[in-house]
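To start, I am sharing the structure in question, which I have written as structure tokens.
Letters A, B, C and D mark the chains in the order given here, with residues in each chain numbered from 1 onward.
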Amino acid sequence: MKYITTINDQEFTIEINQDNQVTVNGQPVEVDMHQMLDTTMHSLIINGQSYDVRMKEGTGAYVVELKGHLFEVTVADERTRRLAGIKSSFSAGGEAIIKAPMPGVVVEVPVSPGQPVEAGDVVVIFESMKMQNELKAPRTGQVHAVRVSPGDRVDQNAILVTIS
Amino acid sequence: MLKKILIANRGEIAIRIIRACQELGYEAVAVYSDADRMAPHVRMAHEAYRLGPPPAVDSYLRGDKIIDIARQCGADGIHPGYGFLAENADFAEAVEEAGLTWIGPPPDIIRLMGDKLAARQTMARAGVPLVPGTDQNQDLRDEELFAVAQTVGYPLLVKAAGGGGGKGIRLVRQPEELKDAIRVARREAEAAFGDGRVYLEKYIENARHVEIQLLGDLHGSIIHLGERECSIQRRHQKLVEESPSPAVDDTLREQMGRIAVTAAQAINYASAGTMEFILDQNKNFYFLEMNTRLQVEHPVTEMVTGIDIVKEMLRVASGRKLRYTQADVQQKGWAIECRILAEDPANDFMPSIGRIIGLTTPTGPGVRVDSGMYFGVEVTPYYDSMLGKLIVRGDSRGEAILRMRRALEEFRITGISTTVPLHLQLMNSARFQAGQFDVTFLERNFQFNQTPPGELAQVAAVAATIVAHRRNREAILLHQSQPSPWRLYGRREALDRRLR
Amino acid sequence: MLKKILIANRGEIAIRIIRACQELGYEAVAVYSDADRMAPHVRMAHEAYRLGPPPAVDSYLRGDKIIDIARQCGADGIHPGYGFLAENADFAEAVEEAGLTWIGPPPDIIRLMGDKLAARQTMARAGVPLVPGTDQNQDLRDEELFAVAQTVGYPLLVKAAGGGGGKGIRLVRQPEELKDAIRVARREAEAAFGDGRVYLEKYIENARHVEIQLLGDLHGSIIHLGERECSIQRRHQKLVEESPSPAVDDTLREQMGRIAVTAAQAINYASAGTMEFILDQNKNFYFLEMNTRLQVEHPVTEMVTGIDIVKEMLRVASGRKLRYTQADVQQKGWAIECRILAEDPANDFMPSIGRIIGLTTPTGPGVRVDSGMYFGVEVTPYYDSMLGKLIVRGDSRGEAILRMRRALEEFRITGISTTVPLHLQLMNSARFQAGQFDVTFLERNFQFNQTPPGELAQVAAVAATIVAHRRNREAILLHQSQPSPWRLYGRREALDRRLR
Amino acid sequence: MKYITTINDQEFTIEINQDNQVTVNGQPVEVDMHQMLDTTMHSLIINGQSYDVRMKEGTGAYVVELKGHLFEVTVADERTRRLAGIKSSFSAGGEAIIKAPMPGVVVEVPVSPGQPVEAGDVVVIFESMKMQNELKAPRTGQVHAVRVSPGDRVDQNAILVTIS
């Protein structure tokens, strides 16, 4: 089976044949990989080099942790690849949304609806893990909506302020 | 004599204290919030009692409830650890009024040193050099601070009077930044200590943060255990500590130690405590603040002096004399501590939450881990982000750095982001290795490299492709019912062999 | 200069050596049998190569294959650890002939000391006191041994000439037991060393086993690192070791150390080695054997002297001089090691096999774990039963014992039986605490208590009943499909809360 | 629900009511028990005392590991108990079977079929984990069958020798 595997903009052509021999971009490599009991950890020996690899399935991709580095890897077999069209992608325009980066407490909201803001202006002061973080406007615009008040306890990804 | 100690804390420091209790033959009582029901401090203690819901104000800050529990379960002493109620003089007083032993310095010293302005005045009287700054011990209004700033000169620091630990500090380089900095510092100080008072201090460029560990008993003996180097900081929070300091020689150590001991004697200090100093490039040192409690970084001192600070705290609290004189204290070798935080070094140290689904802890020669982590723990946003500490000792600073690098490579934490990769890169940086750094080093002169080495990408690609390939095969070969993780694992193993 | 080291071993000692390599900046190469594919030594090393099927003769004893791998991967040295090929002089020679560095003493010394009869003669010439026994360095027939036995006197020991480590030893109290003992000892010796030769030694009653750690370089320097007390044994296998020994004072230490160093100099010893002695009640000591390799119990010496024996072995093997003189060596504090074996102390130390399905390893101040265990490992009958070692250091022997007890309580290994409960009871025994024991203590004077404290039975009853109760409820509430262990866990957690 | 829980010959009457309140032999106890992620480990707080409890289901009983001690616990609810008759049990007579205590290698078999043996006589020398163990006749009798030869590699519980 032939796979096209992509990390960022780097493509690897990886072939695994019937006898489980592996080639990478045409070069044969000696590979021995086993899963550990915790099921996300794998021991990989590739051409004699030993690695512990942790793997998690993300949305349409594998997140691979290797020596403290994270890689987002997409794997497509040739057939899937041919069938797949060009990905539709969101247009970047429209509203800018300031979300809670994690669960926490809103300390202060120094803006109100209708107020003009510049990129970098503090729109929410947010506390989590005993640290205060200033959340800033990602671009210049006008505050569209303020969804929270000081003292509110919010979940991760809760929408706090929108800028139009 | 103490027999049963309640530990009014959580995480690694609660575990540290439980270990000391067990090694002294005392019983240890844990308290916990609902978020910590399965935490190791609860499971390692002899007894454990619930405090309340996860937020600290509803649990670990409930001094009233903690004292009630201590009385009901027959504890005779309370150790506060650090943070939470450790520097709360009212709580310490309430503990003593309840007839329990407070394992820490006398409450009036906590109160005196907790007010950073009062502490400055007291230390000045005891002959300790101060950083130039606000001298009045009173709540200055913004306008008064603007006036003082002109005498102090720029750059300067706006600091919270109500408490320490890096909270409510702002650096001001230009007069026009002062107003905003005071506002932000007051806000943070109000939130952290319920006390919006701030004061000003001259900012000393290229300074190091060096502190002296003190230990005193109730019979008037006070000794120091040498210095700790704590200049590797971000956001005024320590990240790496070591003992000794590469910037301190025997003469300076003796001088700083003597001044710290004299000042501690002047206020009748007892128990463990730390005097923090700013050390400038010309080896002048200035009092910063005194921490009237056990400190996060106490293990580096333990590793080089061989003195168990927590056990000594417990011993002296029950009225026993210090087992050491100043002449007994010797620094041997070199120790380094890395704080393992649930923060993402690749993303401006943004706190990271989630479940730890994989955990391998380093051990072996010269390695110590003080940690509250366990397999399956859910890291929540309720408490501070420190998960644990990795401490190593070597014969020399070089051996300690190499050992730390080895131990960091063994440390595998998955499910959340941690500072482990940052520490690894730090240990490999030439300036850290040379000992040439000050408190600004980490934020100004150190670049965290986020691009992984190229050859690793191919390894990651191969690993993911094999998993995808096996997944395809499994879908054909495996039946649907999955009776137990163990059987599933066995089946996968067998399949791995078949598919190899 | 060495750059890449192949470690011809497995388990905790392979990991110990990998750690030393990493701390010196060397690359480490692991080899493995099929039973060890997922073992930590394979996963921690930079490179790993398969040797063969699980039995040692097909894998870790395949010297030819190991040398081939070393050459092919570009390793420049081989460290044998202990056991397997560590004391195989032919292998050591083959390594050197292949142009690789042997990390151990010269092959001819291994050969000389491996023949226990030749070793006795050599040591006698170097002025080391011997236990009375067989003097001829030749293969005595049974009839000749019967004759010698009459001169030696009873009780006596029948010992294997071909190797040490407690294999092939039989105690004979009465002349009529001699014949059988010789038969059994020959059989065990033949199996263990391929050499059925045995010799006789007077059995010294109430003796301790005390050994001296030696360290030498290739430039003629040899030092000793003090003694280890190894009298806690069963079946002539050490179970607990400590340093210093409660039976050795400064004078005796100096005397034993000097004799050991002189004898080692006489044979031009280099690398790490151990001279084992029998110490009688009157502080007379007699040569037992010399181990020409790193020893299992080396960490207790490291913990009190601060010297990293494995790193020194690697350094001196590459031709560097010892970094220490005799005057640098100081024992500071007290260290104890407990060997964690896969054996059932409640069932005559019967080996225990199975999968480790739960593992919590102790850490914190003064604790070191050298271990090959990991979550999910299948303990097989192919190799020896030692899973790892728990080592602690304290300021005093008392502190070390209390710390060991604390650490043992933190050690949780489930799925197989281990010696942890035995060690816990041993640390609590008055005679161990008093340091009053000899090599017969564990087997003759120590009773392993198998009856758990009564109050625990009620706790066990409640726990099992709640699980049974919840199981009944779950059967009603839970659906059948179980998509992943994680989701299953989450569901159980939620259910726990509901059922509480 | 009422349970009769037995450890060796000690019986506990344990009642868990609708609100999950627990009594042991009529005495109320405060109990809080949670399962850890590895599913065999439980954290139990009983009247304030904290225990880590590991539990495995054996044949008809739970094996509970607590502070290094093992307990075999059987739990029966009242109804089951009433229904269950007296357990049938094997008669102890007949053949004595010497099994392999674990996988290993047979080193020597110093007996042969028909040979009389006394209790304590060595019938098999067996090696496992590099140690030789002498397996002895549990009682006096006659060797009935020898199922293995020196050098044989055997699995755990393999029958080695029988004595009639």
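Note that in this section a contact is a pair of C-beta atoms (placed from the backbone, for glycine too) under 8 Å apart; a residue touches a chain by one contact, two chains touch by 3 or more.
All values reported here derive from a predicted model rather than from experimental measurement.
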Selected interface, B-D versus A-B, where C-beta contact pairs are more numerous: A-B
Centroid comparison with chain C (C-alpha atoms), farthest chain: A
Centre distance in Å when chain C and chain D are each reduced to the mean of their C-alpha atoms: 30
Separation of mean Cα positions, chain C and chain B [Å, integer]: 37
Chain centre separation (chain B, chain D; CA means) in Å: 48
Interface hub residues of chain A, defined as touching at least two other chains: 32, 34, 37-39, 49, 52
Residues of chain B whose C-beta touches two or more other chains: 44, 357, 375-376, 409, 485, 488-489
Contacting residues of chain C [partner chain A, same complex]: 30, 37-38, 42-49, 73, 375-376, 485
Chain A residues within the chain B interface of the complex: 1, 3, 5, 7, 10, 12, 14, 16, 20, 22, 24, 29, 31-35, 37-42, 44, 46, 49, 51-55, 62, 64-69, 71, 73, 75, 77, 101-104, 107-108, 125, 127-133, 156
Chain B - residues contacting chain C, complex: 15-16, 19, 22-25, 44, 299, 302, 306, 308, 332-333, 357, 361, 363-371, 375-376, 395, 399, 402-403, 405-406, 409-410, 482-483, 485-486, 488-489
Touching residues (chain side chain B, partner chain A) in the complex: 187-188, 191-192, 235, 342, 350-353, 357-358, 380-385, 409, 412, 414, 420-421, 424, 452-453, 456-469, 472, 485, 488-489, 492-493, 496, 499-500
For the chain D and chain B complex, residues of the former touching the latter: 32, 34, 36-39, 43, 45, 48-50, 52
